[in-house]
């Protein structure tokens, strides 16, 4: 599967300002960047640094005035998708060290508070089947309402209010998965069926591999059902939405406009 | 400076349970482990994994019934302490990739919400002098009250209620530092002047080195003034208290008792 | 039904302090006080004032040092209990003015946030049958855990954590009822089947009378099922637990002990 | 002082809907309604009920489709304004029963959590001088930013974020006053110097009368300094903003537009 991506956004700065960007498709075993082109205006400073878990890169800039980012990429995806419901949970004591941070509460995912709910709601299930049930619970119980959440909205808020956008769907799944002891992280992605077209966010859960090797793999889970893993391009990962904003400004930033398109180029 | 540490704690498990421990002094350039002895009961499973930012280790166990941990270590500290007020802030665009996660909001540190307060309160100051002012603000405005906070208490709660324990003092400093654009993390430590003796927690802030090399260093900041950096032994670091609990149980755990002693062995 | 009540509690004040007490059975059409005896130490000041909605009284005191309250009462209850499921909701525009405050959000009952949940969960039901379903939902989904909530715990917290004590059960019912447009208030009561014996709290919901008179009546609803309305003695009402504490101190108060007994004297 | 008021607003209902309105100037000893004219479309149902504390009225309607409210009134104000700083606090035990509810926490005013802050910040002051200091603290430390708060924003949020609109300024003052043991309520008003012209909200605090009569009076306090008590027309009072919305809809309501003008007709 080959996917064509374009993203274009503009913003206005009011003096020299540090900007952190994270919007480029990550080069990964499961997705190859066939071509990529990021165009900016000349900037005072530009540096790429490795992003969280060494997945993708972040870009530091120091800029002023009108700024414009134009990005085009073609990405080949050869992600092997699994039937989650057949996979086992990984026993915690066998989890590799780098997954441990994803067991803990984060800014938008206060998992500790959901122990009782997940035990009652999903206690009969195990492994990937439990994750599938969480995804389906979110799809059934939440309504997708642009504008219903803001930068303070946590998974707890979304759980109570039963509404949100992709960010909130992902937070609720991440929170419930962690409440059951699964490492779960937040992933920003490009996906062709996202409507209206935009950056998208999903959850990833770490499950045991089926081969008894003792190893495990991160699996995509999307409660909005807009991102098919076989067509989804990963940008970056984090604990939750606090970690993978496509634009973070250290100073006043007047955001102007954004256009994102993601299309299947070939199967 | 050589420090002697001992920690002893017991807990009861109700069936085979996965346990994550993080209580051992970390081996680091700035602190050398002269001797160490961790004694447990026999356990079904035992593994050490690298902890966050490769500082120290976490221990995975799978155990049942009565559990007892006994730890003794002697640590030589050769940390160079700086006069924070002479150090510059590192411009964000020059920050190394691994510090970036410490700019963002975390479970207990909702820094975004403090922009206006820190601008008004500390806006006239820059660099390490700003951090010193935050530390002093916390020391002056908060009162140390064991029992006044719990596992849900965030820096926002502590800021409003003006009280807490070491965990809360550290959270408020971390939150204010991030609100000003400094990478700030949470550190669990042993320190001899902590009263009553216990595990202790402080903040660390990343500041520019004074040599114009473009590099930076993490510096300890303690609003309780109980931990002198030259005598403080680091266990582990994280975004906030959610990341560095000395004991995390994945199942019911009846915690029994804990004794921690930290003493100066020689200067 | 005649109920015998006794309550005894002691506390220590550290200088002359204003104290507000609300623990006496209210004289009401539906419950007659056959005998009552409140004994205090001599106090500097003592005054009774009408409590909220003119239900019961509050007592103002100004006292110092060791304080002891001893209360005994015998109350005849002739409350007519209705089958809630047969009663209609009162259309809001016909609600009397004094019930309107009970439609709104209060400290522990942020009803606005539950619109979506109640619509999905109870949207097929109407009138008292909807209230019965809320009561049963709470009974089924929450677990009664002394110590699991504190003075900051809201209905939102309890809804997420699925646990609490009578206070929290009542808050969740009040919140859900208001979210559906029913006036709902919080009632502190004595009830003989409360275990362990203590002050108890339940919800009351305002429903249309069955006689087409256009009038309505407050009906008791207890998600813990420990208070049978025909045996329950009302102390006072409020928006939520913030309003009907049995003891409020305006200054330091060291609470010592409390004994409450409620027994059926005769049918 | 005679004030001319006009308010005009329109909204759209999607089927027969119960509507609660509270926008008319209250007839009170301190303000006389010289003329009043409320015009609505014909409606299915219309009733006036007394509002909270018998201050002003609320209007119940049942309507459908396009709705338009047009209100004009001329009000003579003969409010005696006091120099707050000369007034004493009323000892709690002398407070009349109807003021007691205003001592407690409400939806947006979690006063209990501010005890430590107010003690430190205002502990040296007493009586009305303390209230004046709170008003000035709010004026100095908060910035007036339309759009910075929403229906979930509490005084705690506003205190941390140091910004808000009249609603939030009033909430912070009410909260701090209650934290010090003063009855404090929230008042919706018309005031000529509000900019941009709109409904306005302020705090009221209950203070002892200077005549040693043992009685007390509610006094207006406005941290935005836009409402001069001698020119301010009271609409209604409540615990906080949850209680005195000018329009509450029990069903979907598409709010269209609003124009409010308040002008001095004569001194």
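Annotations
Chains here go by letter, A, B, C and D, matching the order in which they are written, and residues are numbered from 1 within each.
Please note the rule applied: a residue touches a chain if its C-beta (ideal position, glycine included) is under 8 Å from a C-beta of that chain, and two chains touch if they have at least 3 such contacts.
None of these values were measured; they are calculated from a predicted model.
Shared residue numbers account for over half of those found at the interface formed by chain A and chain C, and the copies are therefore classed as meeting with the same residues.
In this entry, chain B maps onto chain D through a rotation of 180 degrees when their C-alpha atoms are superposed, rounded to the nearest 5. With centres taken as mean Cα positions, chain C sits 44 Å from chain B.
Residue positions of chain D touching 2 or more other chains, listed in rising order: 113. Against chain C, the residues of chain A that register as touching in their complex are 113-114, 116-117, 120, 141, 143, 156-157, 159-163.
Contacts from chain A toward chain B in the complex involve residues 18-20, 45, 47, 49-52, 58, 60-62, 91-98, 100-101, 103-107, 109-110, 112-113, 151-152, 181, 238-239, 242-243, 248, 250.
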